[in-house]
């Protein structure tokens, strides 16, 4: 392979990216060296197994990915604004929507949610850490390395360009001979390992690490939603693992699962992809539902309406989510019976979702609604998501879907649910739990600006797309003709996209601004909230709880506060030493080996993949022989810490 | 944190919180493995018959080899269970003996499987021959790779047993690896049924 | 949830293991007989052998893997049952959906 | 709320101004019409649902917002309400049943020729997608066209869809919904035009670099004009295998017309490998690849109408 094939060349955008990546890296190295922060970085962050720090790292990575995916989006919008535009050529456009879709779903939405779950869930259930802290670090680092592997395709070797769905035969070796598709396969594979581990980790954490007094039906709704999400992850991700592996074998080792030659069956890819893919969209929506439940209840100053129904509806959604996948390829001709069956199962999901919507509305009913930024995002979710949801039901009507499929109607649907569901939730959760993570709040005034601009932009961008779809505009076209009559709506959409970009930039600025100017928290409970994470002091000590709290209901902290008001102060108990896990450098090293193996496979440099795999195995063996049992936080240290924190 | 008193009858592997958590976590991992193998089975079954004019299973499968593999694995699952039994009787010797037997049987299984694969490849049925054989080799091969991993992993645990004796940590590891081993037997039962019986009866 | 089984003293002879082993051998041979020596239709054969396989799996889970011991047994059993549901959905669903090819597809 | 008003305004503007632009809702044949009816039917319900939610939402937000002045109001503790929860479970279920019935009916109706013209024998056209063009074969008429179609009005057309390579989707929005084209598999789609006119057809499923331009035109004309066109086309140069193999190479071409069809040497619904072999310069002669061992499949349940199958390979 020649060097100019190795590095992507020939495009000013790419050179720009090359330069900015190089500059960022040099800058980071310089800053770390100058301020002598390398050791700090390693001992405090890179080797951490603390769920709060891992959560923060997930969120930072996710925001970076949102930026990358967002830049992709704006490039697409720029290209589509006017007919016959030649800003991007077809290949470039194809790469961009492929990386946009993949990054947004796999490397932005999921990590953002998992990050928030990491920070919040152990605190909500009164745990001092997750069930497997070491594994948690492995999860993060494999996700991170998978994401990095996927992202460097942009400058080294070329990006995948067959869509985030990677349908074969197009994505097969014959029609996509470059390395781009390999990046897709290996990046997702490596990140997928981390996701599966997260699933097991948090399932066990939630089931087994709760404070003993908290019954299942007393868990906060975000914890419930996380629990159910983890179940979906555990059973959906292995399917993706297999599908990716099979396509990897096809491309690298000459097998014939999805090839056109020798009996391969391309349709099988679509089938396997969506067996994972549909549950995946519920993986990114259920935690969002959980967050909205917490935030709406907090700022309506009311307990959640229909708690049990909220739980059961999620259980039903999780069960159904594995029985609907064919709605993504109604047009494959599987026959009337198949299409009818999957139409009906899909439509059924509207029922439990509707139950949730109305329960939220009735949580607000008779409340005292405070319009904080977090609450604004949660409120905007309701009407916007309903639009996305009911158009989803329209898509579920197979006979009609023959007309919507692969059009902008579909693009509008999934952005409506993904953005007003998942992205709004990430922003809402970020504003809401920010003080828990960073000990100061985000500025509310900037927050509201960013909110209104983003939400207006969002509707402006994606609502017209329903009409573009009905006007016959297919997705994934890089340009259209003036005669198609799609221009005016596209101009609107682009305008909306730009507004969203501005909203996002204000959010980023807000992070900086608040870091500089927001007052530090003086209490652990800035919002007068209801669940146990708010009972921890500010800043949260690394062991979370000096005494394990007691849960007497799903608004455990609220009940504690009520009791305190009635003068029932909990008696002061003496502290006991707390057992905590040790930090470890193994997870990051193991993931670097994963990266090495993946990179080697992308380019079929077998020596490198073998080296990487041997490294992975070696780190696993080292771990197996490691009998480190963690350490105890002494009573003195606890007393010291508790004095410093404010409560 | 771990102030609970355990009855002396509670198996060692359940006597630490780590032990209980890890065993439960491993069960859940096995749930994920079921989803993984289901996907491979579904793939294989859809690809049955797509031999692209090449050889088919009915020409190549031989019942005797498959039966030997099956009985080796079934027996190893039994001896693995015995190892756990002796472990709970605090008999380190028993554990070494029966795990040793288990590993030997596992190696035997692998040997026959490798022989079988080589034979098929010789007869012109390889991963690259046709969709059907891709499905076959990846399904059966994934199981074989699991067995290989299992043997390596259990060997490492034996070393740790030697170093440390029966402690809550080592017994936990032995117990979890035994779950894994039994699970591989379960998967094999389905391979025996859906691949070999189906392929030969067809 | 009591740790009934867990606390069972294990000084007894491993009967349950032996019985499990015997059963799995018998079931395997039975499946073999159904497959090769019986004259049921192909469909009946497949149904029977799949049921036999499921019984064998249950034996492994109960008698060798002690799925019902430990204070998390309900979670363990629940996980496996849900996994079985998923397995059926994936295998049966895929075969059903992908069978459209059978009548007008080649290769 | 701002966004809610913006939205409803926007909706109004859209509906008033541009509905005629919405190809899908402006059907030119019975298939598209059934689909448009289903769509409009569902939109009605969806608007109703959206309305209910939006009205409730607005009322509650206005009424229960925190007021700066006024007495400190402490919200009551309400855990739920069984009656209400039953209401909003049952009503959606009813709505879904009402939506599901016509959906299923339409799904099955679209598998057959449109009812009104079902007495006419459908014209069979094989539509094959090739990166990045469309090849249409009229086996009865013995003609083949590239990137354009002629069809008579008021006459059911049975499209037999296949692909030479990547998976495409055959879509003429004015006439009806799409269906995938796949290599090694044949799918069927009935369409019909009730109005004379020129319609756009295209590939709707992403096929890579040339996907955007993978389009064709459909001319629906009177029976006489159509017959005339057929006769003319039958005088076009003969399609040779060499010529056809050139079409198999990736790229675009202009509209072309041939007499004879490629079906005499390859049916892409049966042979997934043809295009690959051409591109690799391998022999494409009829070989063993069209045989397949069907014995392992249970065909008793295939209640598919086999009578229309024109290829002998299907005689199992």
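Labels for the chains are A, B, C and D, by order of writing; each one numbers its residues from 1.
Here is the rule we go by: a contact is a pair of C-beta atoms (placed from the backbone, for glycine too) under 8 Å apart; a residue touches a chain by one contact, two chains touch by 3 or more.
Being a predicted model, the structure only gives us computed values, none of them experimental.
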Between A-D and A-C, name the chain pair that shares the greater number of C-beta pairs in contact.
A-D
Chain closest to the assembly centre - both centres taken as Cα means
A
Per the centroid of Cα atoms for each chain, what is the distance between subunit B and subunit D, given in Å?
47
Distance between chain centroids, defined by C-alpha means - subunit A, subunit D (Å):
33
Can you compute the centre-to-centre distance for subunit A and subunit C, using the mean CA position of each chain? Integer Å is fine.
36
Centre-to-centre distance between subunit C and subunit B (centres being mean Cα positions), rounded to whole Å:
15
Could you list which residues of subunit B touch at least two other chains?
20, 24, 28, 31-32, 35, 39, 42-43, 46, 50-52, 202
Note the residues in subunit C that touch 2 or more other chains, in rising order.
72, 75, 82-83, 86, 90, 93-94, 98, 101, 107
Find every residue in subunit D that makes contact with two or more other chains and list them.
184-185, 187, 272-273, 289, 292, 294, 297, 304
Enumerate the contact residues on subunit A facing subunit D in the complex.
90-91, 94, 161-163, 167-170, 174-176, 260-262, 264, 266-267, 300-303, 305-309, 329, 331-333, 335-336, 339-340, 343-344, 347-348, 350-351, 354-355, 357-359, 361-362, 364-371, 379-380, 382-384, 386-387, 390-391, 393-394, 397-407, 452, 455-456, 459-460, 463-464, 467, 469-472, 474-480, 485
Quick one: in the complex, what on subunit B touches subunit C?
7, 9-11, 14, 20, 23-24, 27-28, 30-32, 34-35, 37-39, 41-43, 45-46, 50, 52, 63, 67, 70-71, 74-75, 77-78, 80-82, 85, 88-89, 178-179, 182-183, 185-186, 189-190, 192-194, 197-198, 200-202
Considering the complex alone, what residue numbers of subunit C touch subunit A?
72, 75, 82-83, 85-86, 89-90, 93-94, 96-98, 100-101, 107
Once bound in the complex, which stretches of subunit B touch subunit A?
1-2, 20-22, 24-25, 28-29, 31-33, 35-36, 39-40, 42-43, 46-47, 50-52, 54, 127-132, 134-135, 137-138, 153, 156-157, 160, 169, 173
Which positions of subunit A touch subunit B when the two form their complex?
131-132, 196, 199-201, 203-204, 207-208, 234-239, 241-243, 245-246, 249-250, 253-257, 259, 261-265, 268, 272, 275, 578-579, 621, 624-625, 627
